[in-house]
Every structure is written in structure tokens, then in C-alpha cells.
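Structure first, then comments.
Every chain is named by a letter (A, B, C, D, E and F) in the order it is written, and numbering of its residues begins at 1.
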Amino acid sequence: MPQPPKRDSTTIHMIDVSEKPQMDRMARASGEIVLKSTTIEKIKQGSVEKGNVIVASKLAGIAAGKKTADLLPLCHPLRLSKIEVQIAVKDDLVEVTAEVKATEKTGVEMEALVAISAALLNIWDMVKMYEKDADGQYPTTTIQNIHVIKKEKKLREAPLEA
Amino acid sequence: MPQPPKRDSTTIHMIDVSEKPQMDRMARASGEIVLKSTTIEKIKQGSVEKGNVIVASKLAGIAAGKKTADLLPLCHPLRLSKIEVQIAVKDDLVEVTAEVKATEKTGVEMEALVAISAALLNIWDMVKMYEKDADGQYPTTTIQNIHVIKKEKKLREAPLEA
Amino acid sequence: MPQPPKRDSTTIHMIDVSEKPQMDRMARASGEIVLKSTTIEKIKQGSVEKGNVIVASKLAGIAAGKKTADLLPLCHPLRLSKIEVQIAVKDDLVEVTAEVKATEKTGVEMEALVAISAALLNIWDMVKMYEKDADGQYPTTTIQNIHVIKKEKKLREAPLEA
Amino acid sequence: MPQPPKRDSTTIHMIDVSEKPQMDRMARASGEIVLKSTTIEKIKQGSVEKGNVIVASKLAGIAAGKKTADLLPLCHPLRLSKIEVQIAVKDDLVEVTAEVKATEKTGVEMEALVAISAALLNIWDMVKMYEKDADGQYPTTTIQNIHVIKKEKKLREAPLEA
Amino acid sequence: MPQPPKRDSTTIHMIDVSEKPQMDRMARASGEIVLKSTTIEKIKQGSVEKGNVIVASKLAGIAAGKKTADLLPLCHPLRLSKIEVQIAVKDDLVEVTAEVKATEKTGVEMEALVAISAALLNIWDMVKMYEKDADGQYPTTTIQNIHVIKKEKKLREAPLEA
Amino acid sequence: MPQPPKRDSTTIHMIDVSEKPQMDRMARASGEIVLKSTTIEKIKQGSVEKGNVIVASKLAGIAAGKKTADLLPLCHPLRLSKIEVQIAVKDDLVEVTAEVKATEKTGVEMEALVAISAALLNIWDMVKMYEKDADGQYPTTTIQNIHVIKKEKKLREAPLEA
């Protein structure tokens, strides 16, 4: 089987999307953070000292999703029409799901993945003090299973009417 | 066992670190992205169309680490003295490790975790086209095992000399 | 009268505007900063030590208006076609007015309000030294009367021609 | 009385703080947003459709406070050790108070004022739909009374110990 | 010949582009950084201690191009469909070229010029240690010849199809 | 003469400054933009339609200088104590000079160079309409001669007193 040509190690470029049509884009993704069961209890009871973990982490996710083109150098700046972040507190982990929509020339899965990542990291930041052991280490805390659930695109047949 | 007091659902606050001493802080963290073996091959051969995945993803990680206080609303702005991102291409996944240092009143593990997350997301963004199946979905791609390897702090005994 | 249903305290979401039509949007808003009459004199005479208060504050307003989606987590990123900031120095206060335009799916009043707020805060920042009393306090300085003057939207009947 | 010298209209400059000592700085400021009583009811009942107004607006305030040097061009970048935002829902208005601390060469009142302004603007953004009249205008909504409550500075006598 | 009217020194405004049609825009620009021949050698050999200068500087250029509206206060926020940065290592200088595309109401030459400037500054930052003389000064390093090569606009005759 | 070892093309790293002492840093740099003489006239007469070019470009420079660590991925975030931008309108060009100060572990020349670059680009942006020829091209406009005038560092012998 022929090998693909080796590219120069100095190559880096953003895809040119100028000739792609605008389409209705949607992406849904999710991820998890494994926490100590005592931390999970605190989140469920609303007794985390830093405050309302769920609202703060949803907001961190939404805000980060809008910064995707600033965080990932080859992403195009997009006008997102929706970022929804949902958080489910399970027995030994917290699951974050995000859905992003836009009418653009390129897909929005990176925006959904950035939203999830920021929400998960914000959960970690807010419960840090409960997750550290006596030596200041994190024996349990792990972010895992970040994946795209579904990605869709479709051409809009007629322009929207007022 | 007494339950912890339920906090008001409107609570949210940044920890006040004004009375904490400045210490030398270090945090090392890592995470992985699972990719198709054909994608791994392309990264190893340097034949990814978008270009040099390793350098671009290290840079995305370093740049994001410096934006931690912008991404995580309760994090304090810190002057980092070092962010190092390493990337190891394994058989069926790519492993990203980050080490962050600062002389500050608060730890730098969130900065290391943000750096890793952004580097992993940037790898995803650069190999998207190889990971999607015929239906435009991502059956394989997963970010996993993001954890803190080591966190250290120590008081500096004497000021640095020129 | 039936009470509205109590929403879960963990709810937070951005409005989904994907099905809304693009319309020509305009918003005009204004606000005031009350200053000591001696400070007002300095602004009028152009003798503020930090420099040209009017131009700097207009620019701070324009620049901030473009950052609305970064400052307000539930705002959609918009492509603004105009931000105009006007500043009128009155007898005991300075009045700032902003007009913002865009052809978008959602209104631009938050952009106008952010522009005004930043311009007013920048005026404060530039005349701080004249407003503080001997004890370093601000007995006079107050930002007030920030309101939307007018908000308009209309559907464009025909596409723009070259 | 001699008039102050007229400065050139091209003057603009940031104060040079290099020779100022680092001091413990604190500033407390507050402001208000006047809303319709039906909107106030919705906030009290937690039935605002966009979600938890209080937590979201506190977070918007904290996040914006950290961006002060980005919003106000002549402000110095500071390492803040605390931003606390409190929100009190009164009968016909919502009051926002912020307290900021830092050990820096310059005061932190602008950071407190930016935090308040962003929190107030975020409240507006979240209750927009209840404040607009049939014509899409805002007859009631007004941001007012933004002022500095207290500003303090003191030299730290001994370095902090671990 | 009549003199143009003198504008008030307090004037500053963003051009209102609301009535301009969207057109396909392209701008190509370039610039150079003069370096010591020993530094040029290191770049060619890939032995710069900070790493891969070419990829890092291309990325810095792409990322900065997307921040144009944040850096230049009177620029409109645009959705860029492409930023391509090329770098040619010549005998005593490095030449950077950028091409930017967008379908927008206003041209993209400032985006191309910002991309070039950031790429050139990043080259400087990465080879600083080789350019400084024994006294810590830069006798050779100069950025020069930043200019627009070509600017184009054309109205798209038919909407893009899927 | 032995050749320096070829580094791996995947290397990229930020210098670790944790063991460097804090010193008083200063850097002064300058650059020029060549403009048509009719444009220079307009700047001198204050008749540029977009407004006060000098103040706006100084501010753009100051604001950009504070964003250096965001624009150049390997730069450390610094607390600047001063950024001064001066602009001199000459016969056929405009000269921009910037001076930056900080007490930090690393030099501030990149901050001065970023400030100059942004100020020069902002001048370009504000006089674009006068520089373009009938074909929309820029036959004259060029940014040139960006260089560091002077760089200094010295250890502070005693801490600053109040």
C-alpha cells in the first residue's frame, strides 16, 4: 500500500471554507468527571463551599464555547445560535452534555467539545478542596469519556421569515 | 452523622487568597485522546493535511493555560513562570502531559489541566477529517484519563538573587 | 392568580435563536456620570492629566461593545455593523449615548448598554485623581440613569446590492 | 485663580506606577437596577426562564472584574486576590455590591466598579423579555447609583508566612 | 485650494457598514524581519532552542488575525473563511505573507496585516536570545516592508449550493 | 566548526523563568508608517474622517501591549507598571515610539514592540480611505523600521517604601 506523502514539518493551515455553503449545523457531545462519593454528596446537597456548582459550570461551558476560535487556532469564528449545557449528577461521576447550533459553513462539534471541557474543568475547580488527599494530591479526580454523540447538517430550503 | 448545612442556591464565590503566602507552585497533569490507528499513522508520518499536529497542539495548550482565569470564572489571575506541554504518540492514542510553575498564593493544577484539555481538543480539531465515518460521526474519537499526576508547593527560603 | 412554576435553581440557558429571521436591528441607549464641577471644568478645558477623556472613553465604549458576548455569558456573538458613542459634557455630569446596528437574529440593546457602561467607567478611571477626597474616597462620583432610549427592528425587503 | 494649562488634545497616557510600593488594597462598590415589580417577583420566585439570575450575574461580575485592564485601556493589569459579588433583591430594584482585594501598586476600585456593572448588565440581559413593553421598548429598566462605598490601602508590615 | 474642514479633536467613530452589500473579500499582505545571519542559519537548521519557529509563527499569525477587531478598536468583527500564513527564510531576513478571505461588508486587509505583524513579532520573540548583543541590545533585528500586495472584492452572483 | 544539533521539528517551549530574579525592566522601541503626503496633511490638520488618529492609535498601542502574552504564545504574562506611546507626524511618515516598564523576571521588549505594531496598524486602519488608489490598492502605505531603541534591567536594591 502506498504511503501518504510526508508533509513538510513547517506546514500549518486553516481550511478555506469560502466555497462551502451555509448549512444548519448541530452537534451534541458529552463527557464525565469522576469524583469522590463524598464530593458527589456535597454537590447533590448543594453544600459546596464555593457555591452553586451546576449553574456556574453550565455558564463556564457556554462562555467557553463562544471562545472556541480563540482557544483552537485553526477554528473559524462562528456565530452560534445556541449553546445548551446540561449536567447530570450520577453516583460516582458528573456527566456534562452540550448541544450547539449555528447556520455556518463549518461544523460546530469543536464548540460543543470546548463547552463540555470547560464545564468539567469548572466542576473540578469548584470541588478541588474536597478531592485533594492529605498530601494535596488528587487520587480520584479524572475527566473521561469526552465524545461527540451526534453531528448533523442540513441545507435550509427557504430563508426564514419574520 | 450530621449533614453539612445546605447552602443557599444563590451562593457563588472566589476564594479570598489575600492572607495566603506566596509559594513556589508546580503541577503536572496528563490526558489522552483515542484515535483511529490510521489517524495515528498520519500523525507519526507527519502527513496530516492541516499540518504539524504536535507543535500546533503544544502551542494551543500553552496559550490556553495562560487563559485559565478567563475560562474558569473562580480562578485567580496568576503570573505563570513556565508551561511545558509534551505529546507522546502511542499505538492507539496520543498522550498529552503539561507542567506548570508559578510563585503564587494558589496552586496551578487548573492551569495544567486547561493546557492539556486545549492541546487534546486541538489534536481532535486537526485530525477531524480522518476520524469521521461516512455518516459524519466520530465512532472512535474520545478524550479520557485527564488527571493530575503531581502537585507541589514549597516556601522559598531566600529571595532570588541576580 | 396562579403562580408561575418555580424553576429549578440549576437552570441556566442561552436562548436558541436558530429559527429567528435575520432583521436589521438598532438600539440607542444612554447613561450619565456625576462628577465634581472642578472635574467637569478640567474635561471641558482639556486639562485632565491622563489626556483626552472624550476620545479615549468613546473608544473604550466601542471596543467594549464588541466584547458583549464575552462579558455577558448568555449573549450571542453578533457581527455589529456600527457602534457610535457620543459624549456630552454637561454642568455637573457627563452624558454618554451609544447607537449600535446589526443585521442579526437578536437585538443589540445589550451591546449599546455595554458600550455606555465601559465609556462611563473609563471617564471615571481617567478623572479618578480629581474625584477622590483627602481620605481617598469618592463622595461625588456616581454612574446613573443608564437606560435604553430606542430599540428598532425591521425585516429587509430586498438583499443589498453592490 | 490661574487656569490649569490646556493639554494637547493628543495626550493620552497610563500612569507610571513603577515607583509606588505594593500595598494591600480593598475597594467596595455598589449599584442598582430598577425593574418592573413583576420581574422582581420572578427573580424572587426563581421563575425567570433564562435561569438562576443571581448566580449567573455574580459570576458575570467576577469574570468581568478580572478583565478590567482589557476593558479600560489605561488600567494596569493586576493580580486580584478576591472578588466577591453580593446581590440583594429589593422591592423595585436589585442591588449589587462587590468587594475586591489585591496586593498591588494601584487601587482596585475600577475592578469593583466593572464587576458591578457587568453583574447589573447581566441581570438586564436575563430579564429582558419581562421588561420590554408591547412595542419592544424598556419603559422601566434603569441602572443607577453606581458608586464606591469604601476604598482602603495599607502597607503590609511583615511578609506573609506559610 | 480649499482646506478640508478641521474636525473636532473629540471625534472618533467606526464606519457604519449596514447599507453595504456582502461581497467576497480577499487581501494578501507581506512583511519582513531582518535577523543576524547566524540566527537565520539556526532557523534553517531547525536548531532554535525555543523550537519550531515556522509553525509557531504561522499559528501566532492565524490566531492574531482572528483578533483583529479586538486589537484595532474601529474594525468590525468579521467571520473569516480563511487565513493562510506563509513564511520564507531568505539570506538575511525572513519574509511572512498572509492571505485572508471573508464574505463580508468590509475588506480584510487589516486582518492580513495583523496576521503578518503577529507572525513577525513571534519570530522575534523566539530568536531573541540570538539577536541580543553582549549589552542586551538588538543591533540588527528590524521589522520592515509591511505592505498590502493585493486586495480584491467581488459580488457573488449566486448563493452557494450544497 | 561544529554545527549546532538539529532539534526535533516537534519542539516548542516557553522558557522557565522560575529561578530568575525580579528586576526593574524597561524597553523602548519605535517604528514608522509611510503615508501619502495628502494623508499626512489630514492627520496634521485633524481632518481625518474617522477622528482623532493620534489618541486612538496611542490607546490601541497601550491596550495591545497589555495583550502581549495573548498574542505571542511563548511570552509570559507580566504586570506592566507603565506603557507610554508617543506619536510624531513627520513629512512623509508617522513615527511611533513606546516605552514599557515592569518589575518582572523577564524583559519587556516584546510588549513595547506589540504596542508599536498595534499603534501603527491602527493608524493604517484610520486612514485607509485616503491611502487606497482608484483600484482599491495601497501603492504607498508601508510599515517599516520597527526596532528596539534601548533595553535595560537593574536589580532593585531596597524594597519600595510607602
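Definition applied: contacts are C-beta pairs under 8 Å (C-beta built on N, C-alpha and C of every residue); 3 or more make two chains touch, one makes a residue touch a chain.
Bear in mind that the values here come from a model prediction, so they are computed numbers and not experimental data.
Each step here moves to a touching chain, and the least such steps from chain C to chain F number 1. Where touching is counted per the definition, the chains common to chain A and chain F are B, C, D, E.
Placing every chain at the mean of its C-alpha atoms, the farthest one from chain C is found to be B. Chain pair B-F has a twin interface among C-E, C-F or C-D; that twin, with over half of the contact pairs alike by residue number, is C-E. Per-chain Cα centroids separate chain A from chain D by 29 Å. Chain B and chain D, compared by their mean Cα positions, are separated by 30 Å.
Counting partner chains per residue, chain D has residues 9-15, 51-52, 55-56, 59, 63, 67, 70, 73-74, 77-79 touching two or more of them. If you check the complex, the residues on chain B that touch chain F are 24, 52, 54-55, 58-59, 62-63, 66-67, 77-85, 87, 101-103, 159-162.
Taken in their complex, chain E has these residues touching chain B: 51-52, 55-56, 59, 63. Of all residues in chain C, those touching chain D in their complex are 3-7, 9-15, 31, 42, 45-52, 55-56, 59-60, 63-64, 67, 70-75, 107, 109-110, 113-114, 117-118, 121-122, 124-126, 128, 132, 136-138, 141-148, 150-153. Residues 9-23, 69-70, 73-74, 76-79, 104-105, 155 of chain F are the ones touching chain B in the complex.
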